[in-house]
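Report on one structure; see the data block that follows.
The letters A, B, C and D name the chains in turn, as written, and every chain counts its residues from 1.
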């Protein structure tokens, strides 16, 4: 496998899905070793930082990419297998941003109330112990939280000639913010434009389901992934595969619609994989699925449907793509190597 | 501990929270051994049954109760510890009901489309192996699913003189339909009327998160629970405690509001338990919580916020009530005994 | 026509739909001359009153009734023609109530922000000029607003053995809060229990569409209405008739579902009245309807679909009921008479 | 005033806000005489046309423009006064499109039900009588409806480097689909990019509020408008001015959020215009506003808040801009001239 390394310079960050020139062209089968900046574009660094003062609203959630995948055409399925997602710093930042988050009025859920206090928490990371330390603002409480690195954002260029901010997830992926996107995950995305033009970013050293306050433990990441292409078969919404689960992600408002999108996608996937009727798949999904929320803070919310594969007969989605990529990943030298 | 057994006769089923005469008065500390009928009131028994023909819309989701708790007053907190929840039959039923469920228009999400096909699945239970067998309608597919017994419904009489159908969950509990309500769970509910008047029902031998098609593996249950009372301290929304987690349940529409209710309840609970400020608790909840959906089919949807307690310093909610009831449960003879 | 007068004493106010003993039995054809207290139960009387201090949360939105209609059975249609709705006081009150209203977080749209300021506006009424005077709190601005009296609440007892607070509208009517319920309106409600058990209240001397801040110009009213009964034909959602329009009202959350309920109800009403197919009625409704919001503040929101009847061939809903009641109303002596 | 005429050729249609080269540069004060194609891009012409067969999903809702306004900078306010909006054909088309519309499941409100029947209605226009004729599909019913021409779409390029489909309204205007955008309206839009880059299209010969089935009486239009620019003062959401009303339009999901956006915008506008506090403006808006829905079918729904200006002291928004443009419009020769 060809291994390509890419670390964007600051002026190479991209802020949209679609609309940016490719950073690189990569052939299916390529391994990418990437570095991603945090969602604050690195501008929040201290407990005293006020987001409204230090952030640039036009430069949020920078992505590494986009990558033009040789041979990818509309209707194809891009497969991205995440080999590793590792913190690239020994600290992470989280904030409350005025009128952003789930437990506050926002620009859409518009109210007349005063915003919540604007605060920054800096988490020191102890890589050896695998922890990040929470230090309270309003008392002397402190606690070590386990690291659980993930990527908030992965997506391709949208259809209909659109260029979309990296802040809002949709059918093309984007800022889904689910802890299910971690090392070991294969992501399947429908291709909308030639070359697919995918990018990744928004590393979280840890995040709760829903990302309530609007930000996770935001931090730069080292990301290793393998790029593959499946001709045709584009799913309507992003699909994930773990060693032990199939997942689908819907993004919309209200939240029930995000979840409905993921559910219909899963019902159809199950029907297809197991050769059963749609109503039988509806019944099975109803009894088997887990439904962990992803984000309830972005302009589209994201919800996940997850089926533990051990509960059903063994199947090989996309011709065993995940298993094959998992095996290939195991043969890679580690990053330091 | 006093152990009281109660199996309602058919004419003793109750269909509302509030508005029914108490079945029994029970003192705090009492152990109740109960039997609950399934949500169909036992009317769906065969794969050929059509819900629209066999169900009585006025007799859905029968409850066992209500129980008048000696000394319970508005503002108090009722604690119910579920010692065991065990299938009382060797089969369960699930159905699609016309214009009910998450992936169809409904009486509220009103559309002009024709309803989905109306089908019944009967699951045979193998108690020894702990499985229930799915048999497809549209093919010869079949699979054994693990049993995971739970109660869909537990609640108290509402406030404001209301009498509410057992079909719709709200701040008083009710038809929350979360798999998190299983053996080993302690449920905390705010008391709204003298005696609390709680009831339980709606056994599910297994259910996915969201209960997509509107029904789970519905079946009669043997339920053992211990009743306790805490003076004052009524939570705004139902709280649960597991050995390894704290949970809150919100019920509303749209789904984000159900989840917001559970989140605010959890933020306040964490702030109280750990002696930290509300904004620090907001930050902690954002990074730690799991958010498994409960139901997305009832007139109010239900969403859960769940904090794994192992991630935070040890605390003893309600003076260690759960631990104490767990220990008491361990001393009980089993049902057959 | 028999004319019956009824003014409840304070201890006769009712706070629920269902669950209250009838105040009177009335035969179809009866004229009722009623008095209704304001939604604050008369407790807000001065600009200095703080709702959180003077209101009793268990005594909000008192209704006058319920009235048992002779011969009314489940499945029938109750027709109430509002002959006149006239302010019974020379002042009205409006307030902001903490965590209630459309432009604030609420108990359902739960947030962590501080509530908005809690204020009371007292409007002096000049009956001769037909105005009520707004006086600002934060400046010396003042303006006379035209009176436009209406009733916020009219409903019948619900189905499924329920007893429901008068605060929340639903399929049985209730606190719909639409300015379309004014003198000259005939309201059609499906009967759920024997005798229908309807009540009315919540007079507004004027209200914007949506009732943004949660309260209108709340005031006691003199109400004259004629009661009629149509055997069978119960609508799924409340229907109104004006001299020049047909209207339907849906109540649910999110707001689009409230509106969808009213739209499906109207599509079916149009199909029935004009003998056209449902899809043709869908098309016609799409091009003809007005959609004025009613309330976006209660636990269910209410939305109206309104078809100006002049745009379609003349029809006589319910056998010309509205026209007949309108004519009967014209023969009544005025209240003072 | 300079009068510029522009009729796009088919290859000049634009399908996005942002991302297209300007058709023309126009100085503030310019009068534009435009022609706009219908939202089907002219592809639906007969009662036998099936939308799923004749429509090109990549070529929906073509716009005429974009126009680069000399001197317009981010933060400025673009004022567009619509002098006339006149049908350019003697027929219009409306359709039901599979899984699009308010009374059906959609790609977002995803369900498993079969779509509604796919039908096309062709309305013949009688310009002299001012009517368009509805002819039923399922019976021989027919009725003449009054013409009420309006534009469904007007918008500027979005912020954050985005390019957005013309199908979805948002803060930058776009496919709002409100009958309030008619001849005589001045539209105020915040400028996000240099030159503003506005475009217009989506003529409706008539539309109900909500556009229930997803399409109106779609038809090509002759549009005359005057372009003006106000330095600074960009509103957060589109504002409209009629001779007798001020209006704001919010676009979001769920529908209550669309409406909340329009309400907060109006509360702030009223506070500013009348020099009153925000809470007093909240109270006034609550009692005075009309809330006619716009669209409940697009990926963002649109809701309008409308204040009849006759109810409040006279004010001159934007320095009397609307009155001035109204007067200027009166001096224009008519189109044929």
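Worth a mention:
Rule of thumb we're sticking to: contacts are C-beta pairs under 8 Å (C-beta built on N, C-alpha and C of every residue); 3 or more make two chains touch, one makes a residue touch a chain.
Quantities reported herein were computed from a predicted structural model and do not represent experimental measurements.
Looking at A-D and B-D, the interface holding more C-beta pairs in contact is that of A-D. In summary, the interface at B-C recurs among the listed pairs A-D, C-D or A-B; the equivalent pair, sharing over half of its contacts by residue number, is A-D. Each chain gets one centre point, the mean of its Cα atoms, and the points for subunit A and subunit B are 33 Å apart. Chain centres here are Cα means. That of subunit B falls 48 Å from that of subunit D. If you average the CA atoms of subunit A and of subunit D, the two centres end up 35 Å from each other. Within subunit B, contacts with two or more other chains are made by residues 103, 109-112, 116, 253-254, 260, 263-264, 267, 278-279, 282. If you draw each protein chain as a dot and join the dots that touch, every dot ends up joined to every other dot. Within the complex formed with subunit D, the subunit C residues making contact are 94, 96, 102-103, 116-117, 119, 121, 134, 136-139, 141, 143, 145-146, 206-217, 253-256, 259-260, 263-264, 267, 274-280, 282-293, 296, 301, 303, 305, 311-313. Those residues of subunit A that touch subunit D in the complex are listed here as 15-16, 18-19, 58, 107-112, 159-165, 167, 236, 250, 252-254, 257, 260-261, 263-264, 267, 278-279, 282. Contact residues on subunit A toward subunit C in their complex (touch as defined above): 103-105, 109-116, 254.
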